[in-house]
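Consider the two complexes below, in which chain A is the common component and chain B and chain C are the respective partners.
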Partner chain A sequence: MVGQISSIPWLSLLTFSPLLGVLILLLIPKERVFAIRTIGIVTTFISLIIAVVIYAGYDASKQGNTLLEKFDWISIPLNLDVAKGIQSWTLDIPYHLALDGLSLPLVVMTTIVAAMSALASVSIRKRQKTYFILLLLLEVGMLGVFMARDLFLFFAFFEWTLVPTFFLIGIWGLANRERAANHFLLYNGLGSALMFVAFAILVATAGFDQITDTSGAVKFVYSGDLYTIVNHLQSSGAAANLGHSPFFLSEGWRMGTFVLLLIAFGIKLPLFPFHTWMLKVHAEAPTPVVMLHSGVLLKMGAYGLIQFGMVLLPQQLADWATVLAVLGIINILYGAILAFVQTEFRLVLAYSSISHMGFVLFGIAAMNEIGLQGAVMQMVSHGFISALFFLLVGSLSERTGTTRLDELGGLAKRIPFISALLLIAGLASLGLPGLSGFPAELFSLLGLYGNLPWAATIGAFGVILSAVYVLRGVLAITFGPIAAHHQQLKDARLVEAVPAIVLTACIVLIGLFPSLVTAPVEYGVSHIIDMFKVGG
Partner chain B sequence: METVFSQYAWAIPTIPLLAFLVLTALGRQIKGAASLLGLLSSLAALVLSVLVLTERWSPDAEVYSHSIDWVNLGEVTLRVGYELTNLNVLMLIVVTIVSTLVNLYAKGYMEGDDRQHVFFAYIALFTSSMLGLVVSPNLLQLYMFWELVGACSFLLIGFWYDRPAARAAAKKAFIVTRIGDVGLLIAILLLFWQMPDHSLDFSVIQTVFQSGDSLAQHGITAGIATWIASLIFIGAMGKSGQFPLHTWLPDAMEGPTPISALIHAATMVAAGVYLVARTFSIFHVSPTAMAIVAGIGGFTAIFAATIGLAQRDIKRILAYSTVSQLGYMMMALGLGAVTAGVFHLFTHAFFKALLFLGAGSVIHAVHTQDIFQMGGLGRKMKVTTWTFAIGAMALSGIPPFSGFWSKDAILAAAWEQDHKLLFVIGVLAAFFTAFYMARLFFVAFTGKPADDQIYQQAHESPSSMTIPLVVLAVLALIAGFVYTPFNGQFGIWLTGEPAEDHANVLVMIISVAAGVCGVLLGYVLYRPGQSQRVDKLEQAAAPLFRVLERKYYIDELYNWLIVRPLRVIGKGLDIIDRYVVDGLVRFISAFVDGWGRTSTRVQNGQLQTYGIVSLFGFVALVLLMLALGRGFW
Partner chain C sequence: MDTITVQPLQWSELSALAPELTLVIAAVLISLIDLLLPKRIHREWIGILSLASVLFSLYFVVSTLADRYTQAVGGEAVGALQLLNQSYRVDDFALLLKVLFLVGTAFVILISMGSMKDDELPHRGEYYYLLLPAALGGMMMASSGDLITLYVGLELLSITSYILVGMKKNDRRSTEGAFKYAVLGSVASAFILYGMSFLYGMSGSTNLIDIAQSLTTHVAAFQPLIYVSFLLLIVGLGFKIAAAPFHAWSPDVYQGAPTPITAFLAVVAKGASLAVVFRIIFNVFFGLGAESDTEGQRVFSIYNDVTIMLLAIAALSMVVGTTMALRQKNVKRLLALSGIANAGYLLVPIGLNILGNTINASVFNAFWYYLAAYLFTTIGAFAVLMVVSRVVGHEELKGFAGLYHRSPWLAVAMTVFVLSLAGIPITAGFFGKLYIIVGAVAAHSIWIAIVMMLTSVISFYFYFGFIRQMYMRHGQEGKITVLAPQGSVIAICVLFVLGFGLFPNEVMGWLNTLFSIPGDLFTLTP
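Here is the complex of A and B:
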């Protein structure tokens, strides 16, 4: 966890770069749609460039290579009895961003998907100014989530994403948009509440720190700093025999906290049976927002589970590995079977996301490097694939007015480009080698097989089912006879083709060279895996 | 020996890949030149393969292997590269020859199709993937190309995507082979954690599995070896259309016929056989796995041959014949006769590609696939007919055509191992094969035309299509002499072990007799000069014929046992998901909603209400404090 502090605050620049666009957008009159779109799109590309520059400079071979930014931010004095010798007793919320090998691929993926989503947003036909402002604000929240290393800061960014998403769904969505937005907010709010309780428990116990400054004065501090809490939890396990130390968090409390975190992040992931809220989002939200939602926002759940659940409470995770694997099996099979019977293509994709997230759970339950590399690979891969899928779904519904499987067919004849990419997205989704889905699922399965062979074996059958539902969905749209009223459809315009090609290129690139993702991850997760090795 | 060309063997799969990329990027522009580009890339791969072969004449030529890191996973490094063994190089030759000829043939066959460039791009991608599969130095890389050839097969079966039948067939091919692929995938998972250093290299597999001692040394039990072998075989069953995963292969005939020849007869479907041969050391240590392979192979050989008796579609007859012949190859491997199995793969590739291309030539001319609508084509399509006859005789095991030698080698292996049941099955299947090929030939090519209109439009195909037929006919004639009972060099070269003497005159006589009897019976029933509109076999045993014609109702069975239950379960779960699981979300939103409304009602601006709420609140607080036993601050 040794970090390097750069003279230029790259991480803050990256996180808050979209705000620049927000400021400019505020100054532009809402009638100037072209300017608004341009500013919105260009801003996302600035973030993308910064992320790529950081990625290019990241030396994966250097163990624990982490960019770090930390300074005191908020300090709340606590109204507790101050004994002699103790100067103060405060609750500190430091501003602490870091970019390690685990976050890096996700951050790069976020900026790419956000930029492509902004390009796809030219299809938005009303209130473009508000729309792009919200979209950029959403990007800030997403980037912050992946970089925050303070529990409060993480929580704040996590909540931050809810607000723009709520409005983006509620204002620009389809017929039932308000209901979908409502469910989204309430259900995620519930998850956040559970996360907050878990974080509060952690801060109140393991977050306690005693600092003696140079003058000999002692300060008692409650801190949400992730690394402080990790250190305290590690050194104050049952084995450390610290008894009544304020750091102490009994096994029972730890387990309870772990379950709270599992549910909180499970809602986001989504984990069966907490998944139904996201079906409505997939079905009702405007497609550029679904690109971000399915591509990036869902990954926050899996990311949280690794960066907080796994790092903070490794022993509990180890105890629950079997449970996680079983939950993974349920997600994979349940999602796949339900995807198979949907008649609305958006729902096919929504259930397919549930199925694919099962492989992330597999990778986590594996508790080894291979598995975790697979889990992160799957997060990145699925981010690109579902972004591509929903980009194309947007293009389809703009042309045909429907994405119902029984109303479509034979579109390959009139819109071969869109159809071809839809097929590529489908093949990537069902795990064809050469595309990103394959190494992701392979590594997750390889990892899990080392820990729980039976679970990996059952999960492998998901590979058959994914072929079944993907081909059913995609071929129903592109193959077969074409309806007479679809004879006049026009193929993709340039502004649609560019993001589609970029996303496809990403899928192919990391499919052929998975080490683009797995190499940083390997060093980002090795300290997590070490904890399992020490703990036995 | 100096290896000059072997070190450039990586280019063999790469050249067609480049052709694929160019065709994908510029296909629309170059249109007419697409077939030329496809042909040249395959030809270049063929030339290079032949050059590599020249460096491997000697049976003890060293295995040439080269690989680079692909990805690091924890302490494990997965690698990709290429490896040349004599078996691999033989496969390279087969694949590149057939691919080159099919590219040439397709130029004529696909003339006028406005998506030609897509077609040739797919063929190039397939050729590249198939060659990549063949040279893979480890099981994981093989698996990747294994999936890719499957995807190409899917794309090409569904090439005429607007036909619902093509869509269904493409989907079915992908899904059914996927079932097998999962077996192979699990085998890889199992091997990965069993092998020393997580190595999946074929060379390491060979070392570890060479004997019971070396297995024990690496802590692999006989049971695990059986599991690994069986799981690999499940993968092979899917690709090579072995019962019960055979159902996709006949349906795959919806694709353009050159594809049927290349993918679904000569190369991809043989990949299962190749896989078993490549990992044979694993099978060799497990008698159970060997028995499974032999049993499934033998059953498939006879099972598919009987279905072939009752089909009317020229391509489906050939498809069931392919399934049956692949069963033969598997049976040979299960009997431990690797050389015989691979030899049959080798000869079969040529004569079956020939038969499919011949069938394509016929279909191209008459636009029907029903043999009972053809008849008398021999008078109008001389080259097609003669070459088809050669292919049919090779398949029927008539000496001296190539099929005879390879089939005889398999039957001899069954005989020598004293495996009576498999020997009888092999002979019976050979008889059926000869019979249905005679039926096909006499009905379609001889006698009176069944339909004058169809006969009128029949014509010989252009030379781009007939040249490949002639070349393949020559190969179907001579390929068998590579390995005759009188010359066992091929066996030594291929497996490194001295060939067993399989010159068994009795077996040869039985084998020839089975083939000749089949042809004669076919001649008697379907000979020229009689009304050909009825199927004699159908008249003779209508109920049995119906069962065969409907392929033993296997498709219907799968539909009832798997497809429908899956759909019913899915629909059931969908209802549960909508009303039970989602009920949780609705409950929460209703609860929040209701709470909000109630609280709103309380804040009604009336002082009395506020007073009551405050009073209750105060009382509650007091009670709480007392209960906790703490004082007020």
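Here is the complex of A and C:
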């Protein structure tokens, strides 16, 4: 892991830039809604600008983390093994942020979606001050998740995102908001808990490290540092566990840890049997929050599976590649079929998300470069597409008061702009060449053809099914007879049009130039792929 | 031992007892003042006197700790000071816990001030000065090196608590709670005494260290009796710490007692009894039954069984506490049930078998840290509850409805407390749990770590129930005024909960310099 520590802490600046907005917002009286909105939106754009600057300066040819920040944050003395006379034994939780090719596209996507979500938040009609504070706090957590390189720091950010999201769903959601917030909290809390146990096992075994400082004193640590743990897990035999280690992380333990991580991230992803909470959130949460939730928060699961599951335990992942592929097939087909029968458009999109996340699993199960590129591509692409979709859904329901397919129709005549963008989002979602969904799903499938051709073949049906359900949904809204009371609808206002156009532009841009995402990812994943080559 | 040589108390040793003596003298003086003071003078002054004496006592404890800290940093061996025929130990274990008990008592006095009307609390003077012997009992329990001292401390705390629970004389619930607590508490005390009698019978001594030596020598002969004595002790002490399955009394008593007393029971009384469990496990049962297993590894069969039983009780407490709390609508009962689950969490560091493949000697640090986190969080939550219930007139969860609109800062403070109770990052509760769980994993007890994590997740449901009420529901309107003493307690608690969460390093480093199990619990007078 080569990294460089730059003189300006770009990553911390980026991660905590929303806090600046939070501080200013705290000082503004809650009646001054316009000022609150402006500050909230401007802050997300500041983060966006920082992210773009980082992206522009990113030198893909330097492998690994081109940006890295590491400070000692918490070093808890453990007082273990005093009997052996060891003086210093600590549990280290370094503040360790880094940006590699895997994180970079996701970070940029996060800032874009967050900024668009903040723009869309103009539709929020009550308690704007609290709303924007929570939205910004959520952005801190999301950015931190994608950059943390310490297991416990990652956990802290991951868990942190639960709290603002709980508030955002529970206060500003639709009628059943509290139930949705509870479901969200409990399912995700369960995921975090399992993740925590897995991390604790890893830290207490492979995290053991012996550091000789400059004065020659030997220091023993349990470190949560990702790279320390990776190195220890990769080296074999006694070196991996240094003799002092409390217990050897046997194959069985590794498998158990992997399964814990798979379930933990699977709940977030969401993986098939753990997906019910996500439907409720999609149905009940306010539009800007669903944009963030579907666009970014779900990606944290897939990202965690790659950055932690795959990097830490490649052998176990390789053993379970078939299982992952099968889970992917289930997600793709289950999501697609259920999306087809829904009459509520929000649920069509929710099930479509489940289906599309299946392709991420495919990319991971492929265990090769093109597959992983496809997985990351799909995460970014789906992030933009679903954000755009839900932005438009929000505009629709604001105008018509419903998002049920049987109550809508013929809107293309009245609100052509919204309808056209809805169609573009639909086409991107079903994988039309030239839009971002196409390269993403193509790469994932191509990757999987490399090692599990049968799974990829079955999964490819998902692409066809997606065309069916997306067109069914979108066409039902835009064409056909229009209800009488929908004749007077007005098309998008500027504040709605801007985020929609930006998101569409991102979708087209990635569709036309997939290398915008794949170039950094290529270098970001090469070390992961190398592990599979070495480990067999 | 045939003859007991009674060691008279030396002058120099008196200074080591300064914290306790302060409380004794203050309790006697204040009770006399209360007796002689004319009726027309409001007894709220007694509260201030009590608070002052607790703070004095705290000052003595902290300054002793500070001295010991400088000595420890300077590399001097700081052993335990044993007084009164080795029956009273002044060591870091005791001193550190005394800090918590005294801080807890000071908070309890502060949140009581001005909070209760005269017809609610007819004997205000007694109310305040009885907290002093109660705190003293807790301190004796932490310091005891002898079964007798230990029992005297326990009873001092228990009996004063029975009275304090029943202080709201005109409230049926308070009287009922006091009665229940007194009857069941006495039964528990009887169990403890019975268990102690076995220990004495086997070893012929009441001194903890002598008992341990004697049991180690004669372990083969007494094996069944050792188990019997442990079981009797743990039944009695399990009652005192409100661990499942000995928890049934706590919701009733917590609900009936005046709210500050509930906080006292939840934090000081529970903490002191846990200190006793800690002492007994580490001084009596630690490393008992040493033998070699088939592979030639050294195992400690009795100690191992004892730790497993403790962890079983811990796990049961977590499960019972959290599941029962799910449907609870009364905040005091809810916090009582949360206290049962937290007793489970606190038993984990005590119940880890640290003589396995690793010697994990940081269990006390984990215990102390979590107890401190629990203290600030719980007392803070009780203080908010008092403010809220005074305005809405009841102690149900729905009283918190719309609190955010009525008093945003109070709602934010309560949010910090419930997030800490739920163990969400950057709060004290998060690092407390993290530390315990890492210890559990390092000691190979993964299962208890999993139980801890799962019950914490379930507890999200009712802890976030406060947040649902405060931010998402509509309740009564109107501003809420907070009494200055209560407000200051809430502010201090918020600061500590966040401070412990953001800078655990400093606290941990300080604890680690001061305390080590072999250097502290097992050493004799230097």
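Definition applied: the second predicted complex is superposed on the first by the 518 of 536 C-alpha atoms of A that agree within 3 Å, B and C clash if a C-alpha of one lies under 4 Å from a C-alpha of the other, contacts with A are read in each partner's own complex, and residues count from 1 in each chain.
By definition in this document, contacts are C-beta pairs under 8 Å (C-beta built on N, C-alpha and C of every residue); 3 or more make two chains touch, one makes a residue touch a chain.
For clarity, every value in this text was computed on a predicted model and none was experimentally measured.
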First (chain B), second (chain C), both or neither touched by A:Glu284: neither
Which of chain B and chain C A:Thr518 touches, first, second, both or neither: first
Partner chain(s) touched by A:Asp209 [first = chain B, second = chain C, both, neither]: neither
A:Glu369 touches, of chain B and chain C: first, second, both or neither? first
Comparing the two partners chain B and chain C, which touches a greater set of residues in chain A: B
Touching partner for A:Ala200 - first (chain B), second (chain C), both, neither: second
Chain B versus chain C as contact partner of A:Leu186, first or second or both or neither: both
Which superposed partner A:Tyr334 touches (first chain B, second chain C, both, neither): first
Touched partner set for A:Pro77, first chain B, second chain C, both or neither: second
Common interface positions of chain A, toward chain B and toward chain C: 182, 186, 190
Complex contacts: residues of chain C adjacent to chain A: 357-362, 365, 419, 424-426, 430-431, 434-435, 437-438, 441-444, 446, 449-450, 453-454, 456-458, 460-461, 464, 467-468, 471-472, 504-505, 508-509, 511-512, 516-518
Partner chain A, residues of chain B touching it in the complex: 70-76, 143-145, 147-148, 151, 158, 161-164, 166-167, 170-171, 174-175, 178-179, 181-182, 185-186, 189-190, 192-193, 566-567, 569-571, 573-574, 577, 581-582, 584-585, 588-589, 592
Chain B partner contacts - residues on chain A that touch it in the complex: 182-183, 186-187, 190, 272-277, 279, 334, 337-338, 340-342, 368-370, 373, 410, 412-413, 427, 431-434, 438-439, 443, 445-447, 449-450, 453, 456-457, 460-461, 463-464, 467-468, 471-472, 475, 478-482, 513-515, 518-519, 522, 529
Residue ranges of chain A touching chain C (in the complex, touch as defined): 73-84, 91, 130, 152, 155-157, 159-160, 162-163, 166-167, 170-171, 177-178, 181-182, 185-186, 189-190, 192-194, 196-197, 200-201, 203-204, 222, 246-247
